[in-house]
Structure formats: structure tokens, C-alpha cells
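The letters A, B, C, D, E and F name the chains in turn, as written, and every chain counts its residues from 1.
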Amino acid sequence: MAQDETQVTALDLAMADPLSDETKAYFAKCEEKLGMIPNVLKAYAFDERKLRAFSDFYNDLMLGDSGLSKLEREMIAVAVSAVNHCYYCLTAHGAAVRGLSGDPAFGEEMAMNYRAAVLTEKQKAMLDFAVKLTEAPDRIEEADRQDLREHGFTDRDIWDIAAVAAFFNMSNRMASATDMRPNSAYHRMAR
Amino acid sequence: MAQDETQVTALDLAMADPLSDETKAYFAKCEEKLGMIPNVLKAYAFDERKLRAFSDFYNDLMLGDSGLSKLEREMIAVAVSAVNHCYYCLTAHGAAVRGLSGDPAFGEEMAMNYRAAVLTEKQKAMLDFAVKLTEAPDRIEEADRQDLREHGFTDRDIWDIAAVAAFFNMSNRMASATDMRPNSAYHRMAR
Amino acid sequence: MAQDETQVTALDLAMADPLSDETKAYFAKCEEKLGMIPNVLKAYAFDERKLRAFSDFYNDLMLGDSGLSKLEREMIAVAVSAVNHCYYCLTAHGAAVRGLSGDPAFGEEMAMNYRAAVLTEKQKAMLDFAVKLTEAPDRIEEADRQDLREHGFTDRDIWDIAAVAAFFNMSNRMASATDMRPNSAYHRMAR
Amino acid sequence: MAQDETQVTALDLAMADPLSDETKAYFAKCEEKLGMIPNVLKAYAFDERKLRAFSDFYNDLMLGDSGLSKLEREMIAVAVSAVNHCYYCLTAHGAAVRGLSGDPAFGEEMAMNYRAAVLTEKQKAMLDFAVKLTEAPDRIEEADRQDLREHGFTDRDIWDIAAVAAFFNMSNRMASATDMRPNSAYHRMAR
Amino acid sequence: MAQDETQVTALDLAMADPLSDETKAYFAKCEEKLGMIPNVLKAYAFDERKLRAFSDFYNDLMLGDSGLSKLEREMIAVAVSAVNHCYYCLTAHGAAVRGLSGDPAFGEEMAMNYRAAVLTEKQKAMLDFAVKLTEAPDRIEEADRQDLREHGFTDRDIWDIAAVAAFFNMSNRMASATDMRPNSAYHRMAR
Amino acid sequence: MAQDETQVTALDLAMADPLSDETKAYFAKCEEKLGMIPNVLKAYAFDERKLRAFSDFYNDLMLGDSGLSKLEREMIAVAVSAVNHCYYCLTAHGAAVRGLSGDPAFGEEMAMNYRAAVLTEKQKAMLDFAVKLTEAPDRIEEADRQDLREHGFTDRDIWDIAAVAAFFNMSNRMASATDMRPNSAYHRMAR
């Protein structure tokens, strides 16, 4: 629950020291592009192998080629994180939805209840699938995949919707398990 | 639900063709060590970048250094998959628990209800945490972490317990979302 | 889900026209003190008797005498609304927590997951009670009331904690049932 | 759980003493019309301002003009209270359904499981909406409102269905939070 | 939901015709002792072998030797049926609790929310176990059995508590699956 | 959780001693036909009247005449037991599904998630009904029965589907309440 400013999680796991040149370069790039080093990266940096595995996985998923736009991937991230009430991910990815959409209220809707947002039917189907996969993965059936196809998604798109929703079910749990604290800068972004 | 023998998921996503030399070598190593290429790897192989990101992440998590034994990591994997009723992961990792423990009934207990198994208090605390993190991540509080510390786990161990539980919350959802089919050989292993 | 800017709910219920002098005066006072007429009041204004009953009830509860501070009442309001994923109440009362606490991040924590916030033990007990009452009212027992007493709350305080939590269980449902839209000004307040 | 006969809740909150003339007159009217003062009114009477706010709100909602009959409003009250297992409200409003319908078994059906009752399709839709709003308010969507319209309800009726269901989600929680005891006379009424 | 007066369930399954002498004698005994043939027996009478298996099982469980009194067994029956919202069992066994306890309000408390009743700590532990076994059988652990022992129950008593709770989890489901209708006489008994 | 090899449950309830000739003959028949005495029978044998009532009920249900095949009844047993995470029943009846179907993987699918299996639409409807009856018996409505009829089930079949699902909701709870241990031989059967 509580920790002082210098800790990014409730676990006593110090960053590797010294950091490798590779990590230093990665963090420098974050500072340059985002104006900060996201705390999730600092949290993984107690073990640079884990940091690299996490960031490789993340960057391919959220920034790599996909039939889903970056905004759509962030919408899934936030709608999933809302189900799991994840403070870290709602803060960091809520800021991303506000920024990418240029619509602060839309970011809030994703973080509070995506059903309150004005969505295309295709986007609604995408988020309904992501949320069902979050709440009751064992109940996904062929009919759910078929519904996505009928809304215009390809099988590759379905993989990507599932992959983003599944990833945030992992990240939400890492953040909750460790009480990961978001960088305070996120709160003011794109308001 | 249904698919013919040659498909590993319900999605129409063919493996990269030709596979890169790196992937060929990796698959050859699987055949050699496991006697098969786990279907999850074939499922990711439609995009070799995704395959590599997944297997790097997985191998560090489940096979890398940790205060948790490989068996303990597999126990977490299966107890989490039981909550999520994941056919793929219960099959593949249930076989791993049977094999690593040398106790087929113990593998069944993990896959059916870990509370039916004879466990040390420390292992019970580990699985209780993993299952709470699965079912209600938003309810994890400092008291839950403290309980693990009092059972003898270090903060690094707590990270690893969380990381394995969180990862299978992702993998269970990828498998359910795509109707991933386990290799049939798992069913007969270590009975 | 969707409606044009001039509607405050998805129901076709026009405000009384003309409004009574009493309502006009009340709305003028809102404009003066808050800079806006909260949409919830416009929503009830199709029937001025209902508007008056609602605002009398609300004003006594949230602004009247109580052993709970206004901030504490708003914290309960938001923690309850987070359980119910209520877009209207999280937006309007999240702004109130940010404003009254002077701490934007604290408002976000209440709206996302109160367990992520730094709270006194007394405040934690208050919110735990409010959230249990929201999720499982039938499970409240004497032990729950006794726990509040042991944290220093009087029986009158317990009434007020219950009353605020119960009220927002009503308001969350009115907002969700009617797709009530918060004034957009809330999003920018006290950031 | 337990309290002696003279207490109406588990909280030590004495009625205002002396009661105002207004409250005395109101209680006298209750005695005359109902043969008793409902304990919920005694519970609120520790603060006559709260008593008046509650009874104004209640009387408009349950006795005021509406497209819903008084019986229909009581049916919603009881179906909602059954979900929340509220002893006070099931007892008091169960008696009302038995009395207004002239059918004791119907009152029991509402209190035990409304799905066991013989209902018109329109009434069934009304109760299905009220129960969904109770159990999962965040899942109400335009389709739910549209379903009510297609069963012949106006938008004003939808407001009233929502308002009664929402109100009893408040009242059930006040009763559970305070262990409010129903007047024993209710048990024998309209059997 | 709806059926005419002559049917005891929603299934079109006529009683064996003619009934065997054994069944006739059993039904005559019911009429004599209870003043009616409970509809559940008529429901099973389409197959007299099933009727006999059911009534043998039931009579041993609810009327045979046990450390639990008949009232305690009926209390468990009703508390379990309340969780499952079973109209048939709440009606029939609610009447039994009213009759055996001589306290109509106590019967209502069992049927609405056993936590509202004045119970000994031992009885409270008994019903808490029965309700946990109903809601989350997979979470029963040795600590739950030990808690019963510490409240003075023998291992044989624990078997009986479990057996009654488990049986009504079966009967509640038979009644709900078939829309079984209770004899209307139950409603007026022991009020 | 833990007990030594000679105990079949966590309760200290010794088998009747000496066993009656009837019980001895029954147990001898089990040994002959199954190669073992199922532990559930030993568990009930502390009271031979209970043992007989249980086995009469069970044998009629699972082995008697029915429009459902023995395999279909075992499929229901296992799908229900998977919802309830019952170690005893998943082990014993999982073995039965593997044996009767001649398809070990099919047995695993029933025990892990029946939605992963290749089923006829009729069998899928049967299991969907059984699982809904398990998870939310109060929500079964005429539409659920009608759906079974439209898939070709008679009203007698519906009774039998309900009866098997309901029975295992009882048996799962007896096994969980007493920590009943399955005979270890089940694990190796029909792999």
C-alpha cells in the first residue's frame, strides 16, 4: 500500500548496479521519447535478462505490425485493466489512450467502463471479446471468434486482440502482486 | 471446439515458410529434449519475432535461476490453470508436474484442486498467493506479501511466484482464445 | 452508449418547462458555486418533485453534519463507484476527491483501486466496510460493525459510512440504467 | 445478529427526544393507516432531517404518480431484495406484495425467486432489468433499455423501474449494515 | 414458470399408473401424517424405483438418528436453499423450520438470510460451514472441519452437516431444473 | 488435506465392524467387477443404512434405464465435477469417461473444460444445461428446458440430465466436505 518515493514496488529488489550499456541506452531512449523511464522497466531491472525479455515481448506486442492500431491496442489494455482494477496500468495506459485519441474523456471512459463510450460496432465487439477473455477465459467458444470475424476482423487480428488482452492480464497481476507505482507524470498527461 | 489433426489452434495462421535457421534449430532441440515440438511454439510460429519473444520470456521464467524449484514453478502453473480451466496448460504442465515430482497422483491433484494435495505449509502459502492473484488481483495487499515472507520466501521469491502465476494467466487466455490443442503425447507422459 | 451533446441521459425525458422559481434558484446557485449544473440534477428535473427529494437527500448526506469529513464521504462515494464501474459517479466524485484532498493521484487511486492508496488504518477500515457492503451486503455481521468501532468510529459514524455507501449503490445504478453523462468540465478539475 | 426487542437496529442511536410535532403527526398517520410505525422510520428518527429526507424520497417513489402500479413497484422491491438477501425488506415488502396482489404464494415467489412466478412477458422483462441492474449495473447497455421499450414501457417507466430497483439497492444495504429488524406484525400479514 | 394446477413440474412425466401397493401405502401415510402428499414425491412417482431410492435416502438423512436435531437439519436445508434461491425447498422446509421451532419469524430468517437470526455460536458455525460448502465446495479445508470440532461437533456430526447441505444442493437443483411446484398448503403452515 | 494411506476421508468414522453379509457381498461384487472397492463406499460404510441408501440411489441413476447412455451420464458427472473442482469425482469418473469412450484425451477434456472437446450439438446442449444447473440453478427457466427439447431430448431425458447433474452437486460436496480420497488405481485406468 504505502511506500516512499524512491521505491517503485513493495518488494526490496534493487536495480542491477551498474546497469549494462544496453540497459543504459534503452533507458536513455525512454527519457528522450517519453520524458521518463516507466517504473515498470525499473521494476524489472533487478535482473536485466528479465527486463529484456519483458521489453522485447512488450514492444513487439504494442508497437509492432498489427491490423490493430496503437490506439486500439491501448484501448484493450485499459478495458482489461479496468476489470482487474489495476492502478499502475490504468494510470499508464489511460494516459496513452488520452494521448493517442486526443480525447481525454474517452480515456476516462476506457478506464472507468468502456460500455459508457461511443464506439463503432467493430470496436465494441473487440472490447467485448477482450473483457470476456479476461473475466471468463474458459467460456470462450468458436462463436466468440466467429463474432469477431463477422465484425471484420481477420484471424491474425483475433490473435492480436487476444494477445493484448492476455498480456495485460499478466501485467495487471505483476503490478498488483508487487504494488507497482506509476510515474506521477502520467496523471497530468493529455488532460 | 473442433478442428482436424493438423491444426494447432482454431485460427487460420500458417507457420512461417520457410522457417528461419534459428527456428529450425530451436524446434530440433525441442524434438531432441522433449520428443516433440510443443504446439504452443507452432502456434506462435506464424510470426517468428513473436515466437522468439515468447520463448525467451518463457525460458527465463520457467528454466532460469530462481529460488523456486522447477517443480514449484510448474505447480503454480497448474494451480493457476485449474482456476482458469485451461485445457492446453493443464495437459502440458500437468504432465510436467507428474514427471518432475515422480508422483502421478500429485500431478492430478494440482490439476483438479491443489487443496486436495499434501503440501508443506510453505508450498500451500505459495499456491494460495498464486490463486488469489489469479482470482482477485485487485485484492492483493501488503498482508499477502508479508504472509509469504513469514513462510520463508524472499522478496525475489515473491517476484517469481507472482511472475509465474501472472504468466499463466496470460498463457491460459491465449490458449482459450485460440482453442490451442495440446500435443496428444502429453496425456500418456509420467502416468 | 452514444448520445448527442444536449442529452444528459439515454432516456427521452425533457426537463420541466418552465422550471419553477425554486428550481431556477437552485440551479443558479449551482452555477455560482460549482460553475455548472451537475447533469444528475438536470436528469431528475423532468419531475421537480423527484429533483427536490433527490437533492434534499443528497445534500443532507454529503454536506450535512457528520463525524466523517466531506473528503471521507467522497472517498466512500468513489470507492463504491469503482466497484460498480460507474462512469458518471467516478467522474464527478473523482473530481471531488482530487479537489478536497488537493492530491490528484489520490483521487485516481480512489477511482481505480483504493487498496493502492496510502491510508490510515481507520480510513482503510472505513473503505473496507463500504466495499463489503457494496459487494456482499448480506454478509455484513456484527463483527464488521465491531471492527469499525475498534478503529474509533462511533455508532453514528457507522450509520454515515453505511448511508454514503448505500446511497452510491443507488446513484451508480441510476446512472448506469440511464447512461447518465457527466459534465465534461469534471475531467479537467483539480488535475 | 442478536438484539433485544426494544432496539430496531444494532446501532446505539436513540430517537430524537422529544420528537417534533411533524414527526409525531407522521408516526400517528402510520399507526392509523398501517397499524404500526415501520421500524425503518424509527431507525432514521435519531435525526429528523434524515427521517424527512428518507420518507419524502420513499413516498414519491413508491406512492407517487407512475406508469407502474404500486404492486409492480413492490414486486421490483422484493425481487431486488431477494438478490441482496435483505431480511428487513423481504419481510416488509413481501407483506406488501402479498397484500396488494391478494395472492400469498405470489408474494413468496417474489421473495424466493421471481423466476418461479407466473408473470406476463412485460412484467418478466421489468424484473429481469431490475435484477440485472442489481447484480451487474456496469453491464446495462442500450439494448437493455430497448428491450423494455419493446415490451411496452415508456422512457418514463424505465426511469421508474430503475429508480425503484436502485432505491432498494440502497435500502437493502442500510438494513444489512445496521441489522435493521422488521416489525414482527409483517410476518402475519396477508397470509 | 407457468403451469396449470394439476402439474407438479414443468416436465410431462405422468405418475406410474396404477401405483404399486407400496407407493399407495406410502402416500396414504403422508396424507395421514402431513395432511398432504408432498409434490416432490409425486414428481418422482413417474418411476417408482426412483421414488423409493429418493425417499429412502431422504428419510434416513432427515429423520434418522443423528447428533443434529430435526430442527437443525431443517435449518441447514433452508439456509442452503436460500443461497440457491429454490422456491420449492424454501417453501416446504421453511414451513418445517417454522413448525419445529414454533417461531415463525425464525423460519423467515432462515429462508431470507440466516445471518439475521439469533443463533448460538455452535449453530452459527454449523450454518457457516453448510453455506460455504454450498457456495465454494472446492475451498473447504481441514481448518473448516477443525472449526466445527472446536464448536463441539463430533466427526459424525460433521458428516451429517455435510450430508444435509449436500443433499439440498441436489434437491434445489432438481426443483429448479423441473420447476417443481410446492403444495400450496405449506404457505399457511405454522404462521 | 493430508491423511495416511489407510483413511478414506479426513473424518474419524470407522467402517461398521463386522460388516453385514449384505455389505460383504456388495463389496465382493465391486472387487470382482471393478478390481477394487471404491473409497466412496468405504466412506459411507460407517453406517450401513446410509451405504445402502447411497448405493441404491447411485446405481439406479448411473446404471439404470435411461435415454442417456452410461457414457453421457459420466460426461455430465465429470463436467459438473470440473466446475466444483472435486478431486475425488474427477478422478473416479474421469477414469470412467476414458474407459467408456475409449478416448483418454476425451476424458481429460471433460475433466478440464468440456468446451475444449469435440461434441455433437446435442451433447453440447446437454452439458451446457448441466453446467448452468450447477453454477446458477436459480436461473434455469423454461427456455433452458425448451432448448433441450429442440435438441431432441424428451422430458424424461431432461429429468435424467438434471438428476445426474444434481447428484454430482451432492457428491462433489460430500467429497470436499470430508476430503474423500480416490482409490489410486483410478489414475492409471484407461490411459
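The working rule: contacts are C-beta pairs under 8 Å (C-beta built on N, C-alpha and C of every residue); 3 or more make two chains touch, one makes a residue touch a chain.
This one's a predicted model, so the numbers in the text were calculated from it and none came from an experiment.
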Maximum centroid distance from subunit E, chain identifier (CA atoms): A
Subunit D and subunit E, separation of their C-alpha mean positions in angstrom: 29
Geometric centre distance via CA averages, subunit F-subunit C, whole Å: 50
Gap in Å, rounded to a whole number, between the CA centres of subunit E and subunit B: 43
Of all residues in subunit C, the ones touching two or more other chains: 1, 85-86, 113, 115, 138, 140-141, 179
Interchain contacts (touch definition) - all pairs: A-B, A-C, A-D, A-F, B-C, B-E, B-F, C-D, C-E, D-E, D-F, E-F
Subunit F residues within the subunit D interface of the complex: 138-141
In the complex with subunit D, residue positions of subunit E that touch it: 1-2, 82, 85-87, 90-91, 104-105, 108-109, 111-113, 115-119, 124, 179, 184, 187-188, 191
Complex contacts: residues of subunit D adjacent to subunit F: 113, 115
Subunit A - residues contacting subunit B, complex: 1, 10-13, 46, 49-50, 52-54, 56-57, 60-61, 64, 84-86, 133-134, 137-138, 140-142, 145, 155-156, 158-159, 161-163, 165-167, 169-174, 176-179
